[in-house]
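Two complexes are shown next, each including chain A; its partner changes from chain B in the first to chain C in the second.
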Partner chain A sequence: MPEIFINGQAVQADDNQTVMQAALAHGFFIPYFCWHPHLSVHGNCRICTVEVEGDGGGWLDIACNMPVAKGMRILTDSDKVRARRKQTMQFITLNHPVDCGICDKAGECTLQDYHVAYNGSPSTSRDPKVQSTKFFPLSQRIILDNERCILCTRCVRFTREVSKSNALGVRNRGDHSLIRPTEDRSFDADEYSDNVIDLCPVGALLSRRFHYKARVWYLKPTPSVCPGCERGCSIDLWHRRPEWKLSALDARQNNRIDRVTPRENPAVNGPWMCNKGRDLAATFERARADQPLLKGRPVDSTAAIANARQLIGDARHPVALVSSWGSNEELASFKQALGGRFECFVKADVAAAPGETLADAILIRPDKNPNTAGARALFGAAPPRFAADTDLVLVWGEGTNFGDLPPRAKVIFLNAWLQPENGHADVFFPISVQTERAGHYTNFEGVESAFAPCFAKADTVADAEALFAALAVGPESGA
Partner chain B sequence: MTRPPYRRKQYWNEPEMGWYERAYLFEILRGLAITGGVFLRNMGKWMTGRKGALTTYYPEETRADYAAGNRGKHVLTQRPDGSPQCVACNMCATVCPAKVIEIDAAFDPDDPAHPKYPSRFEIDYSRCVFCGLCVEACPEDAIRMVKEVPNLPSLDRHGMWLGKDELLTWHPLSDVAKPYPGAPARDKSRGPA
Partner chain C sequence: MKHLIPEFDALRARFPATFASSLVLPCVRRIQEDRGFVADSDIDELAGYLGVPRVQIEEVLSYYTMFRRKPIGRWHLQMCRNISCSMRGSERLLAHLETSLGIAAGQTTADGRFTLSTVECLGSCGTAPVLVVNETYHENMDTARIDALLKGLD
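Let's turn to the complex of A and B:
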């Protein structure tokens, strides 16, 4: 445990730490572009330069690649360091086009922030800026603006060290260096490629999905959990801030998931997530069911609840197929209200799509439902099976073929989406989706993660948790 | 405690009224005659197709004498090829204190110098406070305010939004800042615009 001094303050550092790690761990900020806590040290951007006090007036060196040594005295904000940082920023922005007005990164761009904090003056160069490729298609999902790129090579190191696809490299030298796909690999095959968009400290790597969709300060992140597989990665759902609600343009923009980014959670996903999770908007933008039905006939929710209570009360052998997309709160509510009345099985709402990666060594898991573990903890892991005398089936969630249900059994169906099965059920309830309620999912390792609501649900749509309590049939009604 | 009785304040320019003024009715009738005379004269002019009073008959008529610096309605300036100068950076929409500007951006891969352009640009004049901050915030000199006022009257608030088509109709004969494209040749077959 060497003791070092940062800005004159004694700090206990770990033996194998760098000055950067020790400083950040103790609340001293040192700026960085190419360094990243989860990638190897490359040391090419030089913005993390700090002053080491020593004989002969000290010297300047980069904090990210400097191991701590006993008694080291570091200055992170001396005059020398400030001057060097300003020169470094001048150099990094030498060929940067400064087209922040049309850059999707503007507002959350490290280069912008550092320019304001450490440079603040226009370029002193008289030479024309190097022109380079704009909007180079790196893959089906990502475009690259080479003029904005500062060649920190975070993306290259990500494909080599984290996603292991080795799909990116640097071509040419000096001013003419270009990030390009390697010849024998395809960046499309990288299941984690979109993480380089977040990694990029400038606006060089751009998501096609988010391109020119909104300026980032109009958006707000809501913490959520990815329902794409049983890993349950912690994510942020970015949607328009209520104070920036649009009234003349398409109103759907106000209730739209504009982008999905990972929320760092060391217990589950670290700082990464897969491409499937980035496309969650497509899952939640499907047409919604918003009308309770009795055999396809629209009714109000009180009539539907009365009918369902009647069916539940009269049934001799009711079976429930419990959703693996229900939150722990909803599952507990079901267990408490109806668990004693029904024979319960956990069903898989969603099966892997054809061609989808089933599992890999990083994050992706074979079960494509978020809360199978939470549901099985309450209702057991037995696969659904129907006894001969089953006369009522409660199906909660999508993905059940009604042809597989016992033909003479009545069906109570709870679903969020507009699907043809809705009209075939004896009683149908529209229920809310994950973006409209708060709750928890338990992932396959038993880690619970919370999600928060970001949109309001329609009035005719029921919250499953409240619905189960309303459906609970007491002993007096003949259960 | 009793207050002293109220006494009307005496002014230095108290009118000196004789019995004729004190009689009230004659002077009232004289006043009515002046007002009625002006009214009848204006109505006579109006009925014979001339203009009487100085009033501007808004919205049928707009004043021609707005000051040069009047912050009237917004216009979007154009590049020499007639495309909007706006790059849809949303600076005006962000700085707007009334939040009346809404812009939809689109990507034009065929124009590498101007890849981002507004596919829709809407201003709500029912809420605009005409402060001119949008003009100051614009990095591209794309939005300006001209002295003419927008055509505000409408039967509902939705009619008070001005869109991109309307904002791009500004075609000055010349511009101090840049060469300016002329108005597009009007299609004669369609009749007057």
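Let's turn to the complex of A and C:
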């Protein structure tokens, strides 16, 4: 545990730490572009230069690649350091187009922040900027603006060290250098490719899905859990801030998931997530069911609840197929209100799509439902099966073929989406989705993660948790 | 590339086991010497042999401008255009070569005999201007010597 001094303050560093790691761990900020806590050290951007005090006036060196040594005295904000940072920023922005006004990254751009913090001066170069490729299709999902790129190579290191696709490289030399995919175009096959968009410290790597869709300062991240598989990665769902609600344009823009980014969670996903999770908007923005039905006939929710209670009360052998997309709170509510009345099985709401990767060594898991573990903890792992005398089935969530249900049984169906089965059920309740309520999922390793609501649900849509309490029928109240 | 593998094995024995990516440069040099350029199939085979990702070989080939990904003419004429040679008239000689061969620098004649390139310092300033034909230096060049030289190349 060598003791070092940062800006005169004694700090206990670990033996194998760099100055950058020791400083950040003790609350001293040193700026960085190419360094990243989860990638190897490259040391090309030079913005993390600090002053090491020593005989003869000390010297400047980069913090990211400097191991700590006993008694080392570091200055992170001396006059020398500030002057060097300003020069470094002049170099880094030498060929940068400064087109923040049309750049998706503006507002969350490290280059923009550092320019304000450490440079603030216009370019001192009289030479024209090097022109380069705009809108280069790096893959089906990612566009590259080579003029904005500062060649930090975070994206390249990500494909070599994390996703292991080895799909990106630096072509050519000097100011001709370009980030390019390998000639066999394997970046399309990299299922973690979108992480390089978040890694990019500038606006060079852009999501095609998010391109020109929104300014980030109008958006707000709501902490959530990816329901794409049983890993349950912690994510942020970005949507329009309520205070910036649009009234003139399409109102759907106020209730749209603009993008999905990973939220660092060392217990589950680290700082990464897969591309499938980036496309969650497609899952949540399917057409919604918002009308309770009796055999396809619209009714109000009071009538639907009364009918369902009647069916539950009358049934001799009711079976429930419990959703693996229900939150732990909803599952507990079901268990408490109806668990004693029904024979319960956990069902898989969603099966892997054709061609979808079932599992890999990074994050992707074979079960494509977020809360199978939480549901099985309450209702067991037995696969659904129907005894011959089953006369009522409660189906909670999508993904059940009604043809597989006992033909004479009545059906109570709870579903969030507009699907043909809704009209075939004896009683149908539209229910809220994950983006409209708070709750927890338990992942396959038993880690519980919370999600928060981003949007308000429609009035006619029920929260399953409250609905189950309303449907509770005691054994004595049976009709 | 396959017939070069015994040579690569010998080279490999001189490198530490975890330094396969350091072998990329000597291997592609040898391939270009052998074939005249580095073919796409060479890249795939070398990537397989060394166990390094293909992209790392592509990076090396694009970083060094002397590597070629396409075949060139039988005779590769490289005219120096650095300071000493320029002061001794290499620009005029380059123009003469372009007229004689009917191609611009960077091009190959239609019959596949000549490729004309410009290069930077060849380390022979004392005998400027210098023209390198394949691996041979031709020093103190002038238009008459160039004409005589071209006549001798089939």
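We adopt the following convention: the second predicted complex is superposed on the first by the 474 of 479 C-alpha atoms of A that agree within 3 Å, B and C clash if a C-alpha of one lies under 4 Å from a C-alpha of the other, contacts with A are read in each partner's own complex, and residues count from 1 in each chain.
Simple rule for what comes next: contacts are C-beta pairs under 8 Å (C-beta built on N, C-alpha and C of every residue); 3 or more make two chains touch, one makes a residue touch a chain.
The structure displayed is predicted, hence computed values, not measured ones.
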Touched partner set for A:65, first chain B, second chain C, both or neither: neither
Partner chain in contact with A:244 - chain B first, chain C second, else both or neither: first
Partner chain in contact with A:171 - chain B first, chain C second, else both or neither: second
Which of chain B and chain C A:123 touches, first, second, both or neither: neither
Contacts of A:110 with chain B and chain C, given as first, second, both or neither: neither
Touching partner for A:222 - first (chain B), second (chain C), both, neither: neither
Touch list for chain A against partner chain B, complex: 101-102, 134-135, 211-213, 215, 217-218, 243-244, 246-250
Contact footprint of chain C on chain A as seen in their complex: 160, 166-173, 182-184
Sites on chain B touched by chain A in the complex: 87-91, 94, 99, 102, 104-107, 109, 112, 115-116, 120, 122, 124, 139-140, 161
In the complex with chain A, residue positions of chain C that touch it: 40, 53-56, 58-59, 62-63, 65
